[in-house]
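Both complexes shown next keep chain A, but they swap its partner, so chain B is in the first and chain C is in the second.
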Partner chain A sequence: MSRAPLWLRRYAALIRNAWLVDLQYRASIVLWLLWGVTEPAVALGIWWGIAGDGQVAGYARADFARYFFALMLVNQLTIAWDSWYLDGWIREGELNFRLARPLHPAHEAVAENIAYKARTAGMIVVVWLVVSLVWPAVRLPLAPGRWALTAAAVLLAAAMRFFISFTTGLLAFWTTRATAIMELHAGVSLFLSGRLAPLALLPPAVAAAAALTWFPYMLAFPVELLTGAAQGRAVVTGFVGQLVWLGVWIAAYHVTWTRGLRRYGAVGG
Partner chain B sequence: MGQWEDEFILDCGLRIADWRWRVEVQGNVRGSKRSLTIRNPQSAIRILAALWRLNLAEELQYRANFVASVLGTFFWIGTALLTLAVFFSHATRLGGWDYWEVVVLLGVFNALTGVIEAVLRPGIGRLAGEVRNGGLDLVLAKPVDAQAFVSFRRLDIWRLSDVVLGLTLAGYALHRLGHTPSLAQLAAFALALASAAVVVYALWVALMSLAFWFVSVENLSVLFDAVYEGARYPVSAYPEALRFLFVYLIPIAWTTTIPASALTGRLRPEIGLAAALVAGTALALSRLVWRAALKRYTGASG
Partner chain C sequence: MPPAITADRLSKTFKVKVRDPGLKGALRALLKPRYRDVHAVRDVTFAIEPGEIVGFLGPNGAGKTTTLKMLAGLLYPTSGRVAVAGFAPWGGGPAFKRRIALVLGNRQQLVWDLPPEETFQLNRAIYDIAEPDYRERLAELVALLDLGDLLQKPVRQLSLGERMKCELAAALLHRPPILFLDEPTLGLDVTAQEAIRRFLTQYRERYGATVLLTSHYMQDVTALASRVLIINRGRLLYDGALAALVARISRTKRIELVLADGVTREVLAGFGDVKEFRFPNAVLEVPREDAATTSARLLAALPVADLSIEDPPIEDVIRAAFAGGIELDEP
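Presenting the complex of A and B:
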């Protein structure tokens, strides 16, 4: 346990550093945020029109509004850009000096993620609060217990997406198209992780197949936990699924990292 | 590294075009007072041709990119069709459009994506970085119109496959609709599609001009992607407020909804003329924005 304060200090320094770097690129971060919320906003617009005054598979307009607002927030809290960074580091040799540091490069990446997410998610929360003043549809029921569960699920989802992104980025040790693989992953996740529609609205066979993959656990599950759509057994299976897949991706990361490093012939100076 | 190569090649292209023009049109350069009359349109076309020929030669070295680009397009179209399938499993119409009509629109969207990825993103899309690091100095020092040069200096030829695939998709969807467009509808479509390309171009110019005010923002092109996301579906599918926004303020309705409507006969062929008018206005406005923006440029390279 005596090492805990040391790590705390290290992370405090790393996060502070990442926060200050982000501070320089405030406008860029706002643009990425804007880019991140247009997809759910467009999906909400379409479902809004389809739902009309009725319901679509149990979802009325207000339910769609809550779902996609929660999606914007959870997506921002769990998104990980690491595969793009790693791809660049490996191809251009920037990984070299990161390897030379007395700290595993992943820690720096984690700290950057924390700083970035705190900033962008904070902005979304503020916007959400303001919008909910004038638009009752997006208000969430006051349920601290559920929010606590959601926080745990978001943390697990963020960890999983980090390891997915990091591991995929490491594929740059072997291929020049690592980011293309990540985009392929993003294309599949559009459907299976609930970005386009709540999973209940997909054909039952597709939704059942999705449950066998990691996709619903990285986004749809925490979102439905927050909106209250996930109840009872679904909560338990959701957490089990998250833990299992997180374990799988950590293992995948471990294998890729050790094998990749052995392969790595440094580029650049 | 890549950027310097590009710069070098562009410079060579420009010089070749310049020399040729002097030799062919002016004959003996020495003593001529008109040596900087390169603004005449014929030479502009020569420069463009020279630039694109060099681009083509460069791109032909990377033929694997063609395969990757086509595969990417197929994946994108597949995703878009599945997206529609999800929407249409809960609705029979989207904003009053039936499935194959929306697919026509998707084809138009994809064709325009091809234009964006082949010409605009690799050209004017790099502007923000150049304003930041002073690379624009090199452009401004050239005896050509800066906006035209920045906009059309590159042609990523492989991405033009998106235009072909998009139009093919639109044609197939028309076939499934059982609709054979009349000559007037085809003409209106051609006019509306050309206008759409102009509107998209004007949007890029206006958005990228923001780089002169917000110098530290490198990812300005993301702003276009965010805006253009709305053009994937007919504007009538959106709530009232968004519809107003897309028709009048950020005119992306004119980029996909209008050409698709002209082709399927949803709107009368006269809409083509309205589209041309909108495109002209957008182009003029974007030119004004560019002029105002350029005045703020002070140069950053040493």
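Presenting the complex of A and C:
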């Protein structure tokens, strides 16, 4: 018998609860939305000023506008807060009842992600549509094939960022500084994942170093796919990079979860 | 029928980092960490039959919760064997987890910002409970626990006692045959404690559930459990009936008197150790074997309006058990 209906019911219930909790904190939804919009808006403002009427590394003003609108959306669709949740669960002993249930705690985390992303990204799409009515620069060319590819890349990036965040959160089994490690990761990603500027603007040596890490694949690649900046070979290497790093992070998660649980089982909560 | 729960020479040793106070201590711990073994549970052996309610007693840090967590599969035993409902709890998987409920009195699974019914609905999905079963069980739990209008109130607005009742309902919707309850009445007022005890008795009677509960409140144990496990410093000190323990430990009985008139403390002292004297009430403590004869002498010699012979308070007995270290073997 198929287990699919059971899992659908479980996810529906988990997502429903996440949304119900969200509704209790309506002001914080607005604040998080503002946070999600402000950072790319500020970066766009800076590059808009620098570009003037010319180009910076092939980016004109309109290109920057499209890039940062795409970034805003892709970031909200792929961001993961799981390390903060997990750190709390582990340190406050809230992992106990979750381990006693016949459901792996990661499912709750995945459902939280879906709930958060659907809500916030939905609002950003609306903002983008409204802005594009009055500002042609941020309009995207109609390209369903490219959008479909972007959807796949966003899914892979979201999965990767989930496993990065979840795995880092699991470090709370060993250290009380798991969230600090995640903050450090976020700090590095500011530069290497394309949050502050398109990667084409990085000094060549830094860009080459970044290409050896997972950072470009968790944000910059799907953004450039959406804007059309990634073409031909770059699309293929982008997907390959995503798959490889996703595999690495899933493996890291697996090792950390198994060992962490053993340790938890050894030292207690 | 095989026992519902067995623990065979179960032990758990934690490695705990030792840190001296102050900055120097922190630095030293960072550079050269030192560890110390803490034997939380040592060679604990017992078996609990299906349908039994067993009280698990011990002071703070005795090893109660550690044992409970090993039985629920959260902790991995350092040595020894455990079987719960035929499963080895660690790695027992979903099939094992459907057979147990674990309620930790100080940690809740209810979603803080939502009414309890939302957590119930979530558990319905997690445990895959069919809708008609869910409705029937919920109605039953609402009636037994007197949840009434609590289901729609956000959890954060519930009192501690109301929360614990809802917590139990959430943990029992999948109708587990084995319950591990860690301090289920902690911090509750007397009425709420009684409601929880009444409910547990009824649940056991209806479904033949096996219950292992830890508690600081002796009333929980005297009201619910005919059998107790007493643990201290990780070792099982006693496994048996509560009444037998009292008889074994306490060498004395209390004679509670209501006096008519004209009796002084000094007069009473001739009959035994006067524990309390506030006319007309008095309490005498006498050797266990002398209780009957002393009572007869009291009735003959003094104007006694009422007399009863009691065991010492169970708290005193347990305290004596922890302090004295009783032999595990039955007499």
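Rule of thumb we're sticking to: the second predicted complex is superposed on the first by the 263 of 269 C-alpha atoms of A that agree within 3 Å, B and C clash if a C-alpha of one lies under 4 Å from a C-alpha of the other, contacts with A are read in each partner's own complex, and residues count from 1 in each chain.
The rule is simple: a residue touches a chain if its C-beta (ideal position, glycine included) is under 8 Å from a C-beta of that chain, and two chains touch if they have at least 3 such contacts.
Predicted model, so just to flag it, every value in this text is computed and none were measured.
Visitor: Once chain A from each complex is brought into register, does chain C clash with chain B or fit beside it?
Guide: Here the two partners, once superposed via chain A, fit next to each other without clashing.
Visitor: Have a look at where A:Val248 lands relative to chain B and chain C in the superposition and call it first, second, both or neither.
Guide: In the superposed model, A:Val248 contacts neither chain B nor chain C.
Visitor: Touching A:Ala209 in the superposition: chain B (first), chain C (second), both, neither?
Guide: A:Ala209: touches no partner chain.
Visitor: Looking at the overlay, does A:Gln24 come into contact with chain B only (first), chain C only (second), both, or neither?
Guide: In the superposition, A:Gln24 contacts both chain B and chain C.
Visitor: Report for A:Glu39: first if it touches chain B alone, second if chain C alone, otherwise both or neither.
Guide: first
Visitor: Does chain B (first) or chain C (second) touch A:Ile50, or do both, or does neither?
Guide: first
Visitor: Look at A:Val240 in the shared chain and tell me whether it touches chain B only, chain C only, both, or neither; answer first, second, both or neither.
Guide: After superposition on chain A, A:Val240 lies in contact with neither partner.
Visitor: If we overlay the two complexes on their shared chain A, which of chain B and chain C does A:Leu190 touch? Say first, second, both or neither.
Guide: first
Visitor: Looking at the overlay, what does A:Val126 touch: chain B (first), chain C (second), both, or neither?
Guide: Neither partner.
Visitor: What is the value, to the nearest 10 degrees, of the angle subtended at the Cα centroid of chain A by the Cα centroids of chain B and chain C?
Guide: 80
Visitor: Regarding the shared-chain residue A:Ala180, is it in contact with chain B (first), chain C (second), both, or neither?
Guide: After superposing on A, A:Ala180 lies in contact with chain B but is clear of chain C.
Visitor: Chain B and chain C, closest CA-CA distance after overlay, in Å?
Guide: 6
Visitor: After overlaying the two complexes on chain A, where does the chain B footprint on chain A coincide with the chain C footprint?
Guide: 24-25
Visitor: For the complex, give me every residue of chain C touching chain A.
Guide: Those residues of chain C that touch chain A are 14-16, 40, 66, 69, 72-76, 90, 93-95, 97-98, 100-102, 104, 106-109, 111, 113-114, 118-119, 121-128, 154.
Visitor: Help me check something: in the complex, which residues belonging to chain A touch chain C?
Guide: 6, 9-10, 12-14, 16-17, 20-21, 24-25, 92-94, 96-103, 262, 264-269
Visitor: Using the touch definition from the top, list the residues of chain B that touch chain A in their complex.
Guide: Chain B reaches chain A through residues 68, 72, 75-76, 79, 82-83, 86-87, 89-91, 94-95, 214, 216-220, 222-223, 225-227, 229-230, 232-233, 237-239, 242.
Visitor: Residues of chain A touching chain B in their complex?
Guide: Answer in residue numbers: 24-25, 27-28, 31-32, 34-35, 38-39, 42, 45-46, 48-50, 56-57, 177, 180, 184, 187, 190-191, 196-197, 201-203.
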